[in-house]
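Two complexes come next, and they have one chain in common, subunit A, joined by subunit B in the first and subunit C in the second.
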Partner chain A sequence: MGTVIRHGHDRATSGAKVANTPHSDLVLPYGDQFNDGIVQVSFTLPVAAGALAEEAARQTMKLMGLEEPQVAEVAPIGENATFFVGYGKLTRPVELSKLRIAKPMWEELDQITINRLVQETLGRAMVVVGAATGQDAHTLGLDAILNYKGFAGNRGLEAYSALKVVNMGSQVPNETLVAKAREVSADAVLVSQVVTERNVHLANLTNLVELLEAEGLRDKVVLVVGGPRITHALAVELGYDAGFGPGTRPQDVASYLAQEVARRVLN
Partner chain B sequence: MLRLSLDAKTVERCHEISENITSRVIDELSSLSTVAIERTVARFAGIEGVTADGVPLANVLVSHLVEKGKIHDGVAIHLANACLALGKTPAGISEMISRGEIDISNLEWQGTEEVTRKAREICKDSLDKIRARRAEREVLLEQLPVTQTPWLYVICATGNIHEDAVQGRLAASQGADVIAVIRSTGQSLLDYVPHGITTEGFGGTYATQANFKLMRDALDEESHKLGRYVRLVNYCSGLCMPEIAYMGAVERLDMMLNDAMYGILFRDINMERTFVDQNFSRMINAYAGIIINTGEDNYLTTVDAFDAGPSVLASQFMNYHFAKKAGLRDEQIGLGHAFEIDPSIEDSLSYELAMALLVRQLFPDCPIKYMPPTVHKKGDIFTSHVLDSNFNLVSVLTGQTIHLVGMLTEAIHTPLIQDRYLSIRAAAYMRQAAKHLGHNLEVKRGGLLEARATSILDDTLKLLERVNEQGLFAAITEGVFAGVKRLRTGGKGREGVFKKSRWYFSPVEEALRAGLSGESLGEGPIQD
Partner chain C sequence: MESGKQLADVVSDSGVSSVAIVGTAKNVGKTVTMNYLVSELSAKGLTAGLVSSGRDGESIDAFTGQPKPSVVAPQGAWVATAEGVLRGSASGLEIADVLGTQGLFGRIVLGRAVEAVALELVGPRSARELAAIVNKLLELGTDIVLVDGALDRIAAASPKVSDATILATGASLDMDLESIAQELGFVVWLLSRPEHPVKAIASLAREAVEKGTVCFIHACRGKEQGRYTLRPAHYPTVLGVEDLVLEQAGDAAAVVVPGAVSQAFLDKARSWAKQREFAVIASDAVSIFASKRPGVSLYVTQPLNLLAVTVNPVSYLGVSHDPREMVNAIGAAFRDIGYKLPVFDVVSGEKSIEGVSGMAVG
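Right, the complex of A and B next:
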């Protein structure tokens, strides 16, 4: 791979040359000029404002790997707390070609296609059970995906003729969810996790997988988790089939479910 | 001052109809009490401990009477009778029950007059204490006046009450006037109140009497330091609504979230349970001089805010009349609404302004609680900060009273220490910058703002007429509010609702009603 692109410290002498030779594989944060590596940080240190705090902030930024740390703002926000805004330069680029990402392996389908695909592969409606599990009382995400009204103009799963939705609401114990999945012969189980304090969601999500396995249901359902802190990679790592993060529309989930069920039937 | 020209007849009609809707609910449910109300009476009688297994003795007593089929009489007379028969205190009686030593349902009857007198006596200390705490607040508000409005309201939610106390004090020192400690997720569905100081919670800190006290003490200390009284808030909702109201009253909380329909719609708590508990808890709040905060902002998280104006306003009218019936004065009724219209809509800021002004104007003496944008905030904290800035402007411009400070990191995590600092700073800036702007502007007659406000008001009247026609229970069943449908016979906590027997007597209810009739509390504004 190519050499690391470094800027001179003086903007006047470094700018034009480097900016004209963008390297497509090695990237640094982009501030004012290509690959100048400039990042902006803000953080609080539990130190009273003053010269010591400011130096501590600069050192903190150096420990982040930032060169030429500049403290732009020093704000005392409590007896022993100081807030900083700072700028610095990163010098170690990311090599794009070496990155591995967990990419969802499905494409976006429209409502009619989704309904047809499900009917063709299952010969019936697909049963989808959804719940916000454990202590989680937030149904906002779950409702946005399941309720007919949907989210941002995108109709919820209830609006799909080929999906039969059972919305169990919030604070559903994993045991209750598994029992319901068995009762209605669920094809898919959707779990919503909003509360992520102290990683409480991770234990809860793992517990659900274990329960489904113990009940012999794990392979019978498409298991999906969604929430503001969920990524597809995390979901897969936890033993789920897919994970959906912020900005997910009902159509994304429906597209996935239809294609995953079709894949399983065809295999 | 910014003023909308509104049709007085329409406003009057909205009030009349809401009065009617809420009266019917209260009348229909007046023969009912709940296990939560009875546990509250037990707490008034001084039953505050827990068993070795951590079960509150108030629950032990009430479960005992439920088991013996005597709960219909209320706990007060059986407890008073047992105190007289056995020569024990209420706490002593509840401990004996917890050890399985006595059955208070079949003790010898000590005479109705004697028992009634005793029942009043055992609850008297708590009632006195609540009045004393109220008087204490009034003194503190005079000594440590809060001079600026809107009051800046921020939330702590660490799970650890000791940490909350530190963060609450810090936020107050940064300019916050009101500190709310968010409850642990799921507490609303517990049919008991946890006991003691707690250091672990999920997305919040358990509401316990000990935690209330710890937080109150910390904020009192900070109030004296700042020369400005810092108000404390907690959540009076869920299955233990009246018990929490009692605890808040005793520990001098200043505000409690208490919405007439929130539990029904968003927690699937039984309708009858909610309305009955809510009315009783509001009587306690009224007696304690506590400001309630209603939760119409929540509607805007499930339905589109642009369309939801009439359901928010209709709910405010009903919350207002429910509150008045429970004895709350206008100064104690913090009706809620929020800045949640999709910012990508053209003129969204004008529509927000119209709604904020409408609510402000319709309930002129209520401390309106204005909630910040949340739904349309994503990961871009900078844009969120801009959105909050507009919210801050509308709030100051329209004279809102309780301003929940929006956080730039709303969609990401519970606020970091610097998030709170930046957000308070932005709100305080606007409070200064636009202080008299609203007094120097006028609303254009027949313009965009007035047209919007008028159309919401007209639709609110239609909605209220519809609710009035079918009754509130049926309207909720049809999903009129927040698009959520609930059955009268469904929901959690229904088994805890019972019909009062002809022997039923509650010295607490009696005292609250007497107190709220105005004789013992005196008139005049209770807030600064």
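Right, the complex of A and C next:
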């Protein structure tokens, strides 16, 4: 019954001809020459150093999709573990023209322009509430964006006359953050989160969105999440307006906030 | 298999014009369920509309890197998605409208499939925008709109967005069958919260939610016994002011919370309620953030219409349950808590005693 639909398909194109010149649409890692597909990998296996461990390392590399796997370095780590460096070849290129990159839509503005844009749009300062939520005890990223002194010579949001910053610090429960956003009539909510390898923080991030929806505040705030493992696409899928990853400067966030608020007021 | 209703029958017989498919977690088979439903409903001659509250049908999962099924819109079906993801699928769609609403990949477009087309759905960012898109699809002549929930978010099930709900669950939720059944029993209990059984209280509660203020409902005494009155607490929310709100409760029979009902509030209301009858009334089940049974009477002003549960016995982590065992365990968990809710495995066609077989595409 019904049509049978194949599940999934891969962005990589197998068997396609890859030119060994730069500026090709099909790309492979660069080892010794363009698109030779050679990569170096390193990993540790919980196996005592020896022939068995080396074969296990080669099999591991094969399972990674590497052809012609070679073990280059072997270093025992204690009695029952071995560290490896290996080389192998990838043959399935990525097709650049088929990739889609999601980025927040904003252009970089200077501090004076940002302040003027906010004042012109809102007729007052924009209220920005920031917190590291849930169990997250990291405030480094949050402070770098919010604090006056900023980060890498780029002043934080507190330095902008048109931004009124409420920094709630770390380990803030979502309920407390939402209550504060309501109390101060926040225009923007900034959440800092270290999304971990096992994605345990994701549920906390979606919970915040659901709480804001239930409180009728989701449409009233620009909701932003930042952290070392955050991408804009991930953030939007979680229900946020924008996501900022590593290397983000306070000016990037301020530029985005000013333009997003202006866009909403105009619509 | 046996005669009886398929999941698509349950949906079409319900007569609703929109159904949210929400998941207890990621990768529990929401897309498979949606593909199955849209294909079957179209075969019944219904014009279906498809919209996502997040992102759906992308080829590779952004979190796990696993391949994911495409969304397949049959010929004649309507879809809402972002203009930026259409590229290859655009030729199969006749675009009817472009909305100002921004999705992940640009503006949201509404289009009709001129032939069966595999595509990616990208939705808007808020429940209000989602509700507007559902209405727009209905205006364009859709008989039934299927709303795909994002990740573990259930906002799509809000009565403000959709008329009915299908709960998708699976091996992604938890590895152990007993825990899955138990956890699911709780979720179903929560999503099935009814109106307050006393009509006068239920009616006053709706009034309180419209006011947008936390309110108490009191029973009148003496001659007016059997009647109730509404008393505003002058708080728009209970978040952060749980104690302050409850301190004002006096001899109230119920507290009505128009916004989020947090676990902290339920815990405190429970100790408050120990002395006597006291109920917490939320706007709808989507606004209740309980992680366990609260130990206090819990009602809503707008009940969800929970139609069915679908199970996906296979986890992307490779853990797989026997479909029949899984469907039976979940069916039994529902019976334990007094719910006669049909359970379907849309992949292998297993069904619970109340349910019947369903067959999926893919």
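As a working rule, the second predicted complex is superposed on the first by the 241 of 267 C-alpha atoms of A that agree within 3 Å, B and C clash if a C-alpha of one lies under 4 Å from a C-alpha of the other, contacts with A are read in each partner's own complex, and residues count from 1 in each chain.
What we mean here is this: contacts are C-beta pairs under 8 Å (C-beta built on N, C-alpha and C of every residue); 3 or more make two chains touch, one makes a residue touch a chain.
Here the structure is a predicted model, which means the values were calculated and not measured.
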| item | value |
| --- | --- |
| Partner chain in contact with A:Ala179 - subunit B first, subunit C second, else both or neither | second |
| Touched partner set for A:Val236, first subunit B, second subunit C, both or neither | second |
| Subunit B versus subunit C as contact partner of A:Asn267, first or second or both or neither | second |
| Which of subunit B and subunit C A:Ser42 touches, first, second, both or neither | first |
| First, second, both or neither for A:Asp143, with subunit B first and subunit C second | first |
| Partner chain in contact with A:Gly78 - subunit B first, subunit C second, else both or neither | first |
| Which of subunit B and subunit C A:Leu202 touches, first, second, both or neither | second |
| First, second, both or neither for A:Gly247, with subunit B first and subunit C second | first |
| Per-residue touch tally on subunit A - higher for subunit B or for subunit C | C |
| Subunit B versus subunit C as contact partner of A:Gln171, first or second or both or neither | first |
| Residues of subunit C touching subunit A in the complex | 35-36, 39-40, 53-55, 59-60, 62-63, 66-70, 72, 84-85, 100, 102-105, 116, 118, 125-129, 150-155, 158, 212, 236-237, 239-241, 258-262, 264, 283, 286-287, 289, 359-362 |
| Complex contact set, residues of subunit A against subunit C | 1-11, 100, 102, 105, 175-176, 178-180, 182-183, 199, 202-203, 206-207, 209-211, 213-216, 218-219, 231, 233-234, 236-241, 267 |
| List of subunit B residues in touch with subunit A within their complex | 159, 170, 173-174, 184-186, 188-189, 202-203, 266-268, 301-303, 378-379, 411-412, 414, 416-418, 421-422, 483 |
| In the complex, subunit A residues that touch subunit B | 42-44, 75, 77-79, 81, 83, 135-140, 143, 147, 149, 169, 171, 195, 197-198, 200, 228, 246-247 |
